[in-house]
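The following pair of complexes shares a single chain, subunit A, combined with subunit B in the former and subunit C in the latter.
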Partner chain A sequence: MADVQTIARHIPDRLESRGARLIKSWETLLVAVALAIFLVNSFASPYFLDPWNLSDATFNFTEKAMIAFAMALVIISGEIDLSVASIIALTSTVMGYAVQLGFDTPALVLIGLTTGLLCGAFNGLLVTGLALPSIVVTIGTMSLFRGLSFLILGDQAFTGYPASFSWFGQGYVWWVFSFEFCLFVALAVIYGIVLHKTNFGRAVYAIGNNQTAALFSGVRVGRVKFVLFLLTGLMAAIASICLTARLGSTRPSIALGWELEVVTMVVLGGVNILGGSGTIPGVVLAALIMGMVTFGFGLLNVPGIVMSIFIGLLLISVIALPILYRRFRGRRSH
Partner chain B sequence: MKLLLKNREMLLVVAIIALLVLIAVRFPPFVAPGNLANVYNDTSILIILALGQMAVILTRCIDLSMAANLALSGMAAAMLNAAFPGLPVPLIILVAVALGAALGSINGLLVWKLDIPPIVVTLGTLTIYRGLIFLLSGGAWINAHQMSDAFKALPRATLLGFPLLSWLSLVIIAIMVVVMRRTPLGRAFFALGGNPHAAVYTGIDVGRTRFLAYCLSGTLAGLSGYLWVSRYAVAYVDIAAGFELDIIAACVIGGVSIAGGIGSVGGAVLGALFLGVIKNALPVINISPFAQMAISGMVIIIAVAVNARAEKRKGRVILRKAEAAHG
Partner chain C sequence: MKILKTLLVTAAISVAMMATAQAETKKIALVVKALGIGFFEAANKGAQEAAKELGDVEVIYTGPTTTTAEGQIEVINSLIAQKVDAIAVSANDTNALVPALKKAMDRGIKVISWDSGVAPEGRLMHLNPSSNPLIGNMIIKLAADNLPEGGDVAVLSATATSTNQNVWIEEMNKVLGNYKGINVVATVYGDDLADKSYRETQGLIQSHPNLKAIIAPTSVGIVAAAQAVTDAGKIGQINVTGLGLPSEMAGHVKSGASKSFAIWNPIDLGYSATMIANDLIGGAEAKPGAELKMGRMGTVKLDDKNEGAMADPFVYDASNVEEFAKIF
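On to the complex of A and B.
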């Protein structure tokens, strides 16, 4: 027993170098996929590389991507919000109603944001206050919010938005860069900083990895989750303002089925659907990929529903391929 | 009274009866036996689907692709009938059921063999199956005049005064009761949902059991595909769009825990009936049919809140017993 020796041994912080990790990362794979799609598109259609066409193409994904940022945080924290598309519908309906009452653009924006925040707060209260599973709660509020929109509108539509309001969906900040695209970039930066550089971001990861441990290390789990649902509501409201301004009208079926596209975007971006991991750059890349695929197929006259097959296959295969790859490598090393 | 409230199924029965009384005050003919039979018949397809979904949810999974599966199987059946009107209807039903089972098994295989989270798998296959209907039909509708009379007549044929559709759902309920309570597979669903790790040690193959649950939900979705298309005598890309949420709602209202392991055939059936009564009652009591979505949303939220309270109470009782044993 006495001659047991302790040998000093260097234990590295990381098993791989920074560069090796970067090459093997999900984001690198996404960049490769995005480049491939970009190349295929530019060869397949001569109209793809036109700056104005590309600018138009950004409208395919900017609104969904704004929600995807907040959704990414919610999913990383181990929850999900399926009511986002219904929040868009309700927010748009309330703004349309306010137009009938004679409110002008600044008031409309304020009313829209408040509606979104209230919807988010309702979700957040049910999930954190009553400790209910978010997937069922938001399936319920998904019906409720869009149902309220149907109740207010029936088979009618709200139109007649002020001309200054349409700038949010149709305006350009500089040259080909639309307001929506600039907002998308700004939000990407903000969410990137919040998730990757702040205590709040660390708390989100901590909750997603082990909620009990997070609670015991002093993270206010309930409050963080409540804020996340508030943020999703706010983002859905911002997306709703952009979308309503772009379309110039509100129907109860506005943004129908978007929740699935937003979740697809987030998962495609490498966020673990079970929570605990994921990055904002990944979500940005996934948004670009989905936007380019939709736009490229559109130029080739592929119907929208066929694109959705492709998106579905993409969703399953990007998750399945790494699993298969890991399994294959595991087998070889044994 | 306390015992009554503790039993979920009884609570739902009371809620449905209360609902019927409220409706009867406004519109008495609604509760006539003949009309109630119609309401049941109208809810039959939802009941069949909810039973399939229940099996999946019990194993801690979810099947969002059921409505898309239904639409694809239904479209295949309708196109088969339109192309070969001479084909016997039972054969067409068999094709629809087999197709549904195959689509369900794809979900199951992805969950079992690749370990992809169920919500991601079925979110993906939901859009893929919907898209395949478009590829299959080219976006065209199959209308009533393109379907043979035998194809449309089967769910409407009456036996002992009730439509065959109602009888079929009763048969499926009976089969599911037996499967859930009297077979190893049914016990495996519950055991796996209750505690997957413990289930492994009792010799249950978790992946395989989940696969079988998806096969079951797919089979029932395929059958419902034929029933839906023949009952409404039309098939197009968007039939039953969004219905997957109604199916899950029926289960949640029926007390099936989304966390797995808790639920019953009776609960799922009553949950579906609750939604069916609301859906059929709104137009006759002069509430805008547009209110239906908002109401079912409220019902889901209330149901899940009540469920959670019931489940929590169970946990507390166990804890108290343990404390008593220590003391």
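On to the complex of A and C.
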């Protein structure tokens, strides 16, 4: 600022330094919240800081978080997929049906993944091919997929999954680290790289910020969106395999209401519900926070309804605080 | 710094207190299908009564907010982490809870199911509120008790294929000989639909002028039948009885259309489940033929599937229906 006379003025990419941005970022806030919850839980219950108990607790969020990664990408691109829980139900039902026909674990996994991809492709075709709003399409397929599941199962249940299949939901890779938790970590890394380090990730942000501009910049909007819906279908199928293996049975009511928990996780993770911004580390932190709150309250035998209220308040305050902070700062500078 | 110190000291004390409290009291968790349901709140009342009677038992009443298996598994995981001594669960899913409950049993927790059962490999025993023979006997007894001179009675069932009702009616027919002068003149099916049950009852009233009682072993049927009897002006002439819910039947008991009816008592059920859990913690073994202690409810004998029946269905009449109508 001192040398005003120079002809070429330097315009910084960002107004704040890297450090200042990090301190004020959403993720930092989430880390603080997570640490606070961790501390409170450790003091409140003597059972919290036990490796096996914490390991058991990870099952509260791993499956939902897997879907949340793909959902984050969909929401950043300005769309939404509310059919994920129903895809879990249909995938689980189809796998259960395959068990009755005598298929073994590798075939079951393949059948599960294919079912999820088909569901995702159906959503993707309706959204991109017919240019229908995704919220309407996926509310429809939410009923459709679970309806099919009810049609096949009625009030019955599929059981008798092979013992090797249960490893996906009950097995441990090393010490207290379950297969589900390791998969959660691996997927977090993969999605982090895809969103933050690849052209595809940049395209997702571009579409979410301004679809028309993205289109004119040569981004194949339709194709990217189609892939995103394929991904949520695939992730719902993976979650379905884990959940079905963990429960050892399938009922049409499996994973009822999970779509909203997944969306909550994504929004709490700092993804703008209107699209355009958000990060995978944020979603990971939100998953950890929701898992720890559920487990911590469970240890204190707090009724579930209080838990829902707490998550709701957390969601509102985490969203409101930065906005209030900005308002306050803006007013002061005038 | 001072705050941190205070916090640490408080935490240490509370941990120490919990540790000593743990050594003295047994923790029994009553896991229900979902919180905020009158039936289960009443079961909790019974469980607390049992805890008070036993003295050294703490009952943890818990459950998910929605009736899902996934929610119950989260609750069960946190109970395992707390190292409770026993879990008594009314399951949202017969099969899905099995892996979680197996894990609980592996860690030395006594697991029983009550009301809504878990598959045998996921629990030590299951407590049924009643048994088919007891229900079959109770529904005909309710009708006969008000007909000392005998008379014609008819049955209004659910659907012709509903398993529960058919078994109960079959059991009822087995003991019919014990009730002198009672003739079952007809069995009709209301399909558990209010309007069809109502019309079928009207048909019964017209085609059997000497009808003295209608037995409806279904909560939908009994309400519709009582309404049809009321509308036909036959209160006092035809008594409607069977299985129903106090909240739905209170009005008809008051009007006299139904003198009495039966259903399980949730308070007794919660009480008995807690007592059985306590008996198992104390070293009792759940195996076919075993008899487990249920305090004031006596004992329960286990059958070859490790299932037991608590008692006769509980009878509700003008003296107690108002009180229970508030519960369920």
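Points to keep in mind about this one:
The definition used in the following text is that the second predicted complex is superposed on the first by the 327 of 334 C-alpha atoms of A that agree within 3 Å, B and C clash if a C-alpha of one lies under 4 Å from a C-alpha of the other, contacts with A are read in each partner's own complex, and residues count from 1 in each chain.
We adopt the following convention: a contact is a pair of C-beta atoms (placed from the backbone, for glycine too) under 8 Å apart; a residue touches a chain by one contact, two chains touch by 3 or more.
What you see is a predicted model; the values in this text were computed from it and never measured.
By the touch criterion defined above, A:53 reaches subunit C but does not reach subunit B. In the superposed pair of complexes, A:246 makes contact with subunit C only, with no contact to subunit B.
Counting the residues of subunit A that each partner touches, subunit B and subunit C differ, and the larger count belongs to B. Once the two complexes are laid over each other on the shared chain, residue contacts for A:170 go to subunit C alone; subunit B is not touched. Judged by the touch definition given at the top, the superposed model places A:312 against subunit B, while subunit C stays out of reach.
Using the contact criterion defined above for the overlaid structures, shared-chain residue A:299 touches subunit C, although it does not reach subunit B. In the superposition on chain A, contact is made by A:324 with subunit B only, not with subunit C. In the superposed model, A:154 makes contact with subunit B only, not with subunit C. When the two complexes are overlaid on their common chain A, residue A:255 makes contact with subunit C while staying clear of subunit B. Where the contact sets of subunit A with subunit B and with subunit C meet, they give residues 303, 305, 308.
Residues 62, 110, 114-117, 119-121, 123-128, 130-132, 134-135, 139, 237, 245, 248-249, 252, 258-259, 288, 290-298, 300-301, 304-305, 308 of subunit B are the ones that touch subunit A when the two sit in their complex. Within the complex, the subunit A residues that touch subunit C are 43, 45-47, 50, 53, 56-57, 59-60, 157, 159, 166, 169-170, 243, 246-249, 251, 253-257, 294-295, 298-299, 301, 303-305, 307-308.
Those residues of subunit A whose C-beta lies close enough to touch subunit B in the complex are 80, 126, 130-133, 135-137, 139-148, 150-151, 153-155, 252, 260, 263-264, 267, 273-274, 303, 305-306, 308-309, 311-313, 315-316, 319-320, 323-324. Chain contact summary for the complex, subunit C toward subunit A: residues 7, 11, 15, 18-19, 35-36, 60, 62-66, 68-71, 73-75, 77-83, 93-96, 98-99.
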